[in-house]
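Naming follows writing order (A, B and C), and every chain is counted from residue 1.
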Amino acid sequence: MALTLGEIVAAIPGELHGDPAVAIEGLAPLESAGPGQLAFLSNPRYRPQLAASRAACVIVGPAVRDAAVARGACIVAEDPYAYFARVTQLWKRTQGRPAPGGIHPSAVIDPEAVLGEGVAIGPHCVVERGARIGAGTVLKARVHVAEDCSIGARCILHPGVVIGADGFGFAPTAEGMVKIEQLGAVRIGDDVEIGANSCIDRGALADTVIEDGVKIDNLVQIGHNCRVGRHTVISGCTGVAGSATIGAHCMIGGAAMILGHITIGDRVHISGGTFVSKSISKPGLYTAIFPIDDNASWEKNAATLRQLHTLRERIKALEKKL
Amino acid sequence: MALTLGEIVAAIPGELHGDPAVAIEGLAPLESAGPGQLAFLSNPRYRPQLAASRAACVIVGPAVRDAAVARGACIVAEDPYAYFARVTQLWKRTQGRPAPGGIHPSAVIDPEAVLGEGVAIGPHCVVERGARIGAGTVLKARVHVAEDCSIGARCILHPGVVIGADGFGFAPTAEGMVKIEQLGAVRIGDDVEIGANSCIDRGALADTVIEDGVKIDNLVQIGHNCRVGRHTVISGCTGVAGSATIGAHCMIGGAAMILGHITIGDRVHISGGTFVSKSISKPGLYTAIFPIDDNASWEKNAATLRQLHTLRERIKALEKKL
Amino acid sequence: MALTLGEIVAAIPGELHGDPAVAIEGLAPLESAGPGQLAFLSNPRYRPQLAASRAACVIVGPAVRDAAVARGACIVAEDPYAYFARVTQLWKRTQGRPAPGGIHPSAVIDPEAVLGEGVAIGPHCVVERGARIGAGTVLKARVHVAEDCSIGARCILHPGVVIGADGFGFAPTAEGMVKIEQLGAVRIGDDVEIGANSCIDRGALADTVIEDGVKIDNLVQIGHNCRVGRHTVISGCTGVAGSATIGAHCMIGGAAMILGHITIGDRVHISGGTFVSKSISKPGLYTAIFPIDDNASWEKNAATLRQLHTLRERIKALEKKL
């Protein structure tokens, strides 16, 4: 199951320095790669590890060409990280263990659902009436696609994903909450990946929309009538409350929480653990994390924080006196 | 699949101004509703949109009657939001696509489980020995109801819900953690709705209890021996640690976290993203959110926050000097 | 289904004071236990409840022996909480309702998966090609163990757990994100328990590792290439981002979030709701929680917090003037 360097650059064009007949038996991080393994150097932070690496070959960018050639075999690529990503895909394809395709007999597919060509649906999935799954999309296992929801082409939905459960809508009355039936659906574009046990709720009146190329990690909740723009990346444990709009090419860190009914513009980056409580229009990195400390120090600072406003008043008073 | 205005007010009593023969073909937000669509106005914030709305008919409260009549057809209801909620239910019922009822053949129901009349259990659900499901309750798909847990009438459990997994209890010893078997169960009242992939753990000795009318969103965790009071609403991604008691008519915002062994009284509202670290007895809104900022400003403020206690000391010293 | 005190101390050695023929019909908290019930006293905080307890028998530590004997029947054990834990296990075993063993016919087990002796696999589980499950391990229901992942002996995986979904890795390019195939797996040690709907992702190149005795609660996310050390306990709703290393005997509170690529040493305790943004080497308790307040007070303090840095400058200026 090895690949030669020559086979790799034939499949993924790159500038090979070294013997094309060298066999690669695995991929590994630069630091731990041994003979027979292919590594990559993308982040300049790891540059010092290059000279000492025992890797059979290293994928590098043009700026590192000379040092890499001096060390030994290397593949120079404009974007070494993207090149490495493509090598992982090549590697997976050539390991002779293709993913099972077709519809697993334990999946429950409504006869009124529409499946594109080459769709793979794993064990215990449920695809309801009127759902549409685009060509080449993979529902790994135990994925639920509810009534009338649509998923584009070449998507990957990991185990336990729930698409199109009811949005969370109730009218409060004296006799309790009255359910607002969720009459919209979910529309997911092409090349979207959704992590294990994540949920995307159906819209109340209009649809919830996930645009092309969006990548969503595990245990993420997207509320009803949200819209997530093209190529946005949402890390695990994040919640997006109903009717929030997130722009294109955003990066949302893990365990972030986005308030409902707000709008985040394109190319906004949100740090993990950040609660986004208001709309953000300007690209950039935004953060809201309480800084961690040993518990005793935290306690003192937290107690003072609850009186921060009065501290300001005391400073004002001092300034007046002087 | 249209309904006339006359049919709507016949099914849900309201004061109709306009031609009862007008056909409604869909529901839509006030701003985007077009001819043939029914909208509603509940939040006074949207009042300015009324005059310009192209909706065929608008559901409004008595205070807006005159303006609504001047615009065109309207239904006046004491509580327009609750009226709208009931219309969504009517709409769903009349679309001619009844939800599948009965027990799906792929569901695994223990012969010692007790199911009420009209219970619907979807594909790949598991209902264990001694579990009881009340009349009219719907388990959508892939719902797990563990041994001896009981669920009331007219509940809705969305895909992936887990009721009655073991609470998280271990006794630490030098040889590792010793499991405390969870001998209690979960008792859920009537008219409860639980969102996709949410979990409610069984009690250690006594039961975990969810009272009537509680609404729980997706990806919520309720620990063992918690008690959630009537008509309380818990938004998505929230965690409630073991043995916490939450009162009736509370509203818990998304991604909140409730510490174990504390008590929250009735009608307490918790903002999203808030960590509730102590008991709260007084009704009101409580919050604990670090304010979001651009990352550079956040860094400066966060660094200072770690020295907040010493800042207070410096202010004290200044005050003494003056 | 009762047990006598004599049967209990015969099964779990302890120093019984009282009539061994007394029948125990259930276990209950010290405060609410009635005649026929067995309680325990471990936390000194509950010591005042001892004298008034109506329990048939109380498990206590040696320091409380005299007071416990004065009250009535008791079992003295070096570690009363661990003793109680073992009694819950004895209780469960003797209730005559053994958990169903074997492989449920609805489970989908790849012929190339390897199952140890006495493995129990519940309804709708999926065990993929090359997966290994150690002896005595229980997959409750709807558990997913992906390709080549291994799980040790005597583990318990609760409903909805997903082991070995793809880690979240993409190379950003101008044309969108390029998927990095996740070529590693997940390796889980012995005596590990994983709560409902929790997810542990497979590694990118090397494996994600969960060591022996780790206990993970519900709705927890462990990213690719993380390592969690022996006997560490992770409470619900926690997220651990990729390539984080957590030491042995750590306690991670609920809804904590651990940044990727950091290292937490042994015996570190993290408070619930804490975002761990940097490595921690020293044992101890660490916290990062915004203190909760009524919303009006919070608003004032939060607004001031966004100008904390300038407050410090103003204090500096005042100090200079004096």
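Rule of thumb we're sticking to: a residue touches a chain if its C-beta (ideal position, glycine included) is under 8 Å from a C-beta of that chain, and two chains touch if they have at least 3 such contacts.
For clarity, every value in this text was computed on a predicted model and none was experimentally measured.
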Fraction-based call for subunit C against subunit B, same above half, different below: different
Angle (degrees, nearest 5) of the CA superposition of subunit A onto subunit C: 120
Chain centre separation in whole Å, for subunit C relative to subunit B (CA means): 26
Of all residues in subunit A, the ones touching two or more other chains: 106, 124, 142, 160, 197, 219, 237, 289-291, 293, 303, 305, 307-308, 311, 315, 318, 322
Residues of subunit C touching subunit A in the complex: 106, 108, 124, 126, 129, 142, 144, 146-147, 160, 162, 165-166, 168-173, 176-183, 197, 199, 201, 204-206, 219, 221, 223, 237, 239, 241, 257, 259, 271, 274-278, 280, 284-291, 293, 297, 300-301, 303-305, 307-308, 311, 314-315, 318, 321-322
Touching residues on subunit A, where the partner in the complex is subunit C: 27-29, 32, 79, 81-82, 84-86, 88-89, 91-92, 97, 104, 106, 122-124, 140-142, 156, 158-160, 191, 193, 195-197, 212-213, 215, 217-219, 230-231, 233, 235-237, 254-255, 272-273, 289-295, 298-299, 302-303, 305-309, 311-312, 315, 318-319, 322
